[in-house]
Amino acid sequence: MTVGLPLFLAISAILFSIGLVGVLLRRSPLTILLSLEVMLNSVNLTLVAFSREVGGSDGQIFALIVMGIAAAEVVVGLGLVVAMTRREMVLDTDELRTLNG
Amino acid sequence: MVDGVLATLIKSFVLVNILMVFFAFMTWVERKLIGRFQARFGPNRVGPYGLLQPIADLGKMLQKENMIPAGAKPKLYLMAPWIAMACALGAFGLMPFGNVATIPGTDYTFHLYIADTSVSLLVVAAIGSLGFYGLMIGGWASSSKYALLGGMRAIAQLVSYEVAFTLAVIGVIIQAGSLSFVTISNAQDNLWYVIPQILGFLVFFVAAVAESNRPPFDLTEADGEVVAGYHTEYGGMRYAMFAAAEFVNAITLSALGAVLFFGGPSGPYLPGPIWMLIKIGGFLFVLIWIRATLPRVRFDQLMKLGWKVLLPVATLNLLLTAAIVVYR
Amino acid sequence: MTQLVWITLALPLIGVVLLSILGMKLPAKGAGWLASLIMLAAFLCAAVATIMLASRPEGDRQVVEVAWVWLTAGDFSVGLDLWFDELTAVMLLVITGIGFLIHVYSIGYMKDDPQSRRFMAYLNLFVFSMLVLVVSANLVLLLVGWGLVGLSSYLLIGFWHNKPKAIKAAKKAFIMNAIGDVGLALGIFLLFVDLGTVTYSGIFAGASELSETQASIACLLLLVGAVAKSAQLPLHTWLPDAMEGPTPISALIHAATMVTAGVYLIARMNPLFVHAPLVLDLIVIIGVVGLLMSGLIAIVQTDIKRIIAFSTMSQIAYMFVGVGLMAYWTGIFHLFTHAFFKALLFLGAGLVIHALHGEQDIRNMGGLRKQLPKVYFCMMIGALALSGIFPFSGGFSKDAILASGLHVDSPIGWIAYIGGLLGALLTGIYTFRLMFMVFHRRPSPYAEKVIPASVAHHGEGPSSMLWPVYILAVGAAVTGFLQIPGVTHLAFSWLDPIAPDGMVEATVGQDWLTTLFGTLIGLIGIAIAYHLYARESDAPERIRLGRGRLFQHALERRLYWDDLYSWAFERPAMWASAFLSRDIDRTAFRWAPLDGLGQLTAFFGRSFTVIENGIVRMYALVLALGIGALILFLLVRGG
Amino acid sequence: MDIVVFFIASGLAIASAVAVVAQKNPFVSALALLGNLVSLAVLLLLLSAQFVAAAQIIVYAGAIMVMFLFVIAYVGPRSEIGAGERKPWQVWLAVLASALIAIEVIVVVFGATFGDWADLDGDYGTPAAIGKALMTDYLLAFEVVSVILFMAAVAGVVFGAGGRPRRLSDDEVQAKEAESAEQRRREASRAVLDATRDSMGEGA
């Protein structure tokens, strides 16, 4: 193994920032969700890298749990997108700014 | 990388070629069998018994003009068949045809599989699930209603049956205690898992038929409803690649069934690869038989079957297996 | 054995859960039968447990079992404790047995009510609560049951929640009971402070160490709870109003079980009450006054259920007299027989009301003897038992109470004796006033119009309503034979061990003498009632308008208790809230500077909408910038 | 060998991540994310986390991304809203914040000293090891995740089912059919009437 831990962490940080840019700049809920996935995945990479450094399976478990939660988040997010489409709403998060409840 | 890079490359090359020939030959077998089932002759003009029909078909396909429909997304449109094909072939690479063989006349031994990892089953599942992107991308990139509907149907079907499929397979994993195909098939020397895992096998088989988009679950290309589904807009060799990918998927799933439930390459008298081929052939025959016999299901029936029948049964099987393994 | 008691306790709870979950999925009748079968199973369990208890040697019949401790704080700990002895067994049998019969009765009674499933679930809940109350081995768990029966009583009185009167009655019952609950809770606190424990065994063991003052105060507080729950003076006003609920409820809760909880409490805590003789005397006096007062009021009531309700009050007052005289067994014995004949009377009244399509005024009845012969026969047994006529059950149990008064031979004993005999006279009058006005006399126009069609339509009532009445009639007739003076001795010998300090038991001679007096006086009362009400006499009307006018008015207003409470509490509260809302709220808080406060809030709200603009991306941006700045700060500072 | 694979995979990961964010069409974005996931799986394999890599492909590629594509195809062209129309200061601030975080983290990780890679057990990263940890130390987390997933599934169904036109009951269908039949009958009789009137008119 010649690749060091810092490299993995740096890649992870870069991916995280790219995802963050997506979340901050895009207005379509679908793209925001996709960017969020990028961020989550970069975190997974960090977790697994640290797990490898320590030599235990804890970090990998965390990564798996993050995946599970990501699946849950996507289900709810996509459900919202579908609901918005059904109600003929514009798929733009900037338009979703009034609470009605 | 069990045998070194060169041997692996050679084995892969051989395997791909065998598969493609197998595919070509199987199209003939299928047409012939369907013909007989329907009291016809099937192809019988080209060569003896129509044996050369696949080659004639190949020639025809090659001659077709490759065109891209207006409005299609060109890159994705071109990419889709390759994705489908590559994933189908890749998944097959992990199938074991036996343990170790010696090349006659030399004492060079090699393994009768390309790779064996401790997570083979997961890898096959992973590659198999990637294969569906070929369908979806093809359907979407064609910019055609029917193709899109076919692709979406494919996804819905995949998601519904993947769950039951995986759960059914987990029963075998629990019993064998491993995800490696070699270990699993070796564990069945005394008793094929089809007997203790009969519930799991039934679910597996139905789900496998659905995952390979074979009749009666071929809703992704139901010609009465969505013309030809995701490959409506494809022609020539690209269409052939889709067809080949689909068939190779069927072969892969047959091989998977053979390995997981029928002992894989093990069997008396004959060498492993022959047994494997016999078992795969048996599976394929049943698939063709089903195609000739059963009418296509409706889409809601498909969903109902997947979620309300297969999933509970697979879960039951899983629980039973786990309980037996723990308390035995 | 204790397992069976646990099962008895669990079954109604399971019933509640099942009925709540299944709800409308069950057919209405199915829900009724399900609840009834559960009750039958509970009764069988209780019966078998009782038999097993009886088969133990005497003196070894007290079983305490701690299921688990669910609350510990310092040296205070409360567990789910079970106390099973002779008294508990009697209560279990009464609750589950009468409860089962009334569940069956309810199937017929609530047949046409779309919400009968909810009713059945409440009934099961009530039975569960009552069981918790009687099987608990510590006062906290008893309080839990105490509160739960209050709740279920509230729910059931207000079952017809579109009837404003029913809602009002339910609230009244709940508030009155809450006063009692507070008293009981305070008593428990005091006992814990004094003795450091809330378990019965601990309290009984430590009771002798208390000074008389301490014991008296504690007992007085417990008495508040008992008085409220048992509808005794002065917290009795809720019971007559509670008759707005469905009739089975009146029979089960407001006659046979819940209202007797006060008697149970005193009998249960007798090792403590022994140390507070003054409180015991107070109990007797409350009882005597209460039984005379409610007997008098009952004579002028015209609502069939209210008459029986006041009669219940007076009978429970008898029980109070019994336990107050330290003849605890007589109180419980009367509780036992009373459960039968009072439930019988209520259910019979329910059948009458049913046949008359909901009419409850006895002036609109009359002559029902011929149309409802079975109901008449059964209710007659109940009425004779209630009036204490030998050899019906009420005679034995009530005379046992009075004989104890004779036996004690103190001023209090004589008060109890004379008061009780006078009460017997009143009982005879009001009971048979009811019977004569409902069943004899010439039919009223209303009854003449309604009854024939009603009887032709469904006879005297559905069999699910008639059979419980028959069974109760048999019980009302024979349960007195448990304790025939000088012949059988079961009631006393069974209950004797619950009072470690001994109980009062009259001699056989005193008993028979009292029985003779009681029966004679009861017959006199019946004769008076016959003279006044059976024939078409204008005597009652003359009294009503003539010399007894003021007295009559007082009785019809129930001796002004309700008016007293209204004046003492309701009016001042109304006045105070009116003052607060009209004079304080509307004027004081409308002043300009205070209105400015609202403006200020609105201003801040508006100014923050610039940032809180609902655009999620902006929030995320600020968040990200914040994280970046934070890390930067740590980097720079930490180096 | 490892370093080559690492740089290829990470280069692909970054490129595909940029594509995810920059692509106008969500379908292409999703496919780019798929590429990102596969590249990351390769990185995970480099870290000997075979099971997590396989799970990454199966869970993300096999399930989550499939759902994404399905929904994007379902939503159709409406999904392409929101690419342009943003104020420049927003872009600058967003890029600034992200770059700040990335640079800071990189500075930290290269400035810090880490230990070497640990020596691995034989079963590091295998399903057996993960499964054992998941079923013992992390059982609660596992259960909680399953409950959350279940709730999310229910929520998805509830959201997705909203706004659907109400399905008519059998009675309503019958009533509607009867009504239209009645209407047809009336129209037919009117047509006959008209025809007769016309013919009569012609006759006259």
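Some points to look at:
Letters are used for the chains, namely A, B, C and D, taken in the order the chains are written, and counting of residues starts over at 1 for each.
In this section, a residue touches a chain if its C-beta (ideal position, glycine included) is under 8 Å from a C-beta of that chain, and two chains touch if they have at least 3 such contacts.
In this text, all values refer to a predicted model and were calculated from it rather than measured experimentally.
Shared contact partners of chain C and chain D, listed by label, are A.
Just to note, of A-D and A-C, the chains joined by more C-beta pairs in contact are A-D.
Computed from the mean C-alpha positions, the centre of chain A lies at a distance of 11 Å from the centre of chain D. Our note on geometry: chain A versus chain B, Cα centroid distance of 33 Å, whole angstroms. If each chain is reduced to the centroid of its CA atoms, chain A and chain C end up 62 Å from each other.
Computed from the mean C-alpha positions, the centre of chain B lies at a distance of 74 Å from the centre of chain C.
Each of residues 51, 55, 63, 67, 74, 90, 93-94, 97-98, 101, 105 in chain D touches at least two other chains.
In chain A, the residues that touch at least two other chains are 20, 24-25, 27, 93-94. Here, these are the chain pairs in contact: A-C, A-D, B-D, C-D. Note for the complex: chain A touches chain D at residues 1-11, 13-22, 24-28, 30-31, 33-35, 37-38, 41, 44-45, 48-49, 51-55, 57-58, 60-61, 63-65, 67-76, 78-83, 85-87, 90-94. Taken in their complex, chain D has these residues touching chain C: 90, 93-94, 96-98, 100-101, 104-105, 107-108. Looking at the complex, you find that chain B touches chain D at residues 76, 117-119, 122-123, 125-126, 129-130, 132-133, 136-137, 139-140, 148, 151-152, 155-156, 158-159, 162, 179. Interface residues of chain D, counted against chain A in their complex, comprise 2-3, 6, 10, 13-14, 17-18, 20-21, 26, 29-30, 33, 36-37, 40, 43-44, 46-49, 51-52, 55-56, 59-60, 63-64, 67-68, 71-72, 74-75, 78-83, 85-86, 90-91, 93-95, 97-99, 101-102, 105-106, 109-110, 112, 114-115, 117-121, 124-125, 129-130, 133-134, 137-138, 141-142, 145-146, 148-149, 151-153, 155-160, 162-164.
Those residues of chain C whose C-beta lies close enough to touch chain D in the complex are 617, 621, 624-625, 627-629, 631-632, 635.
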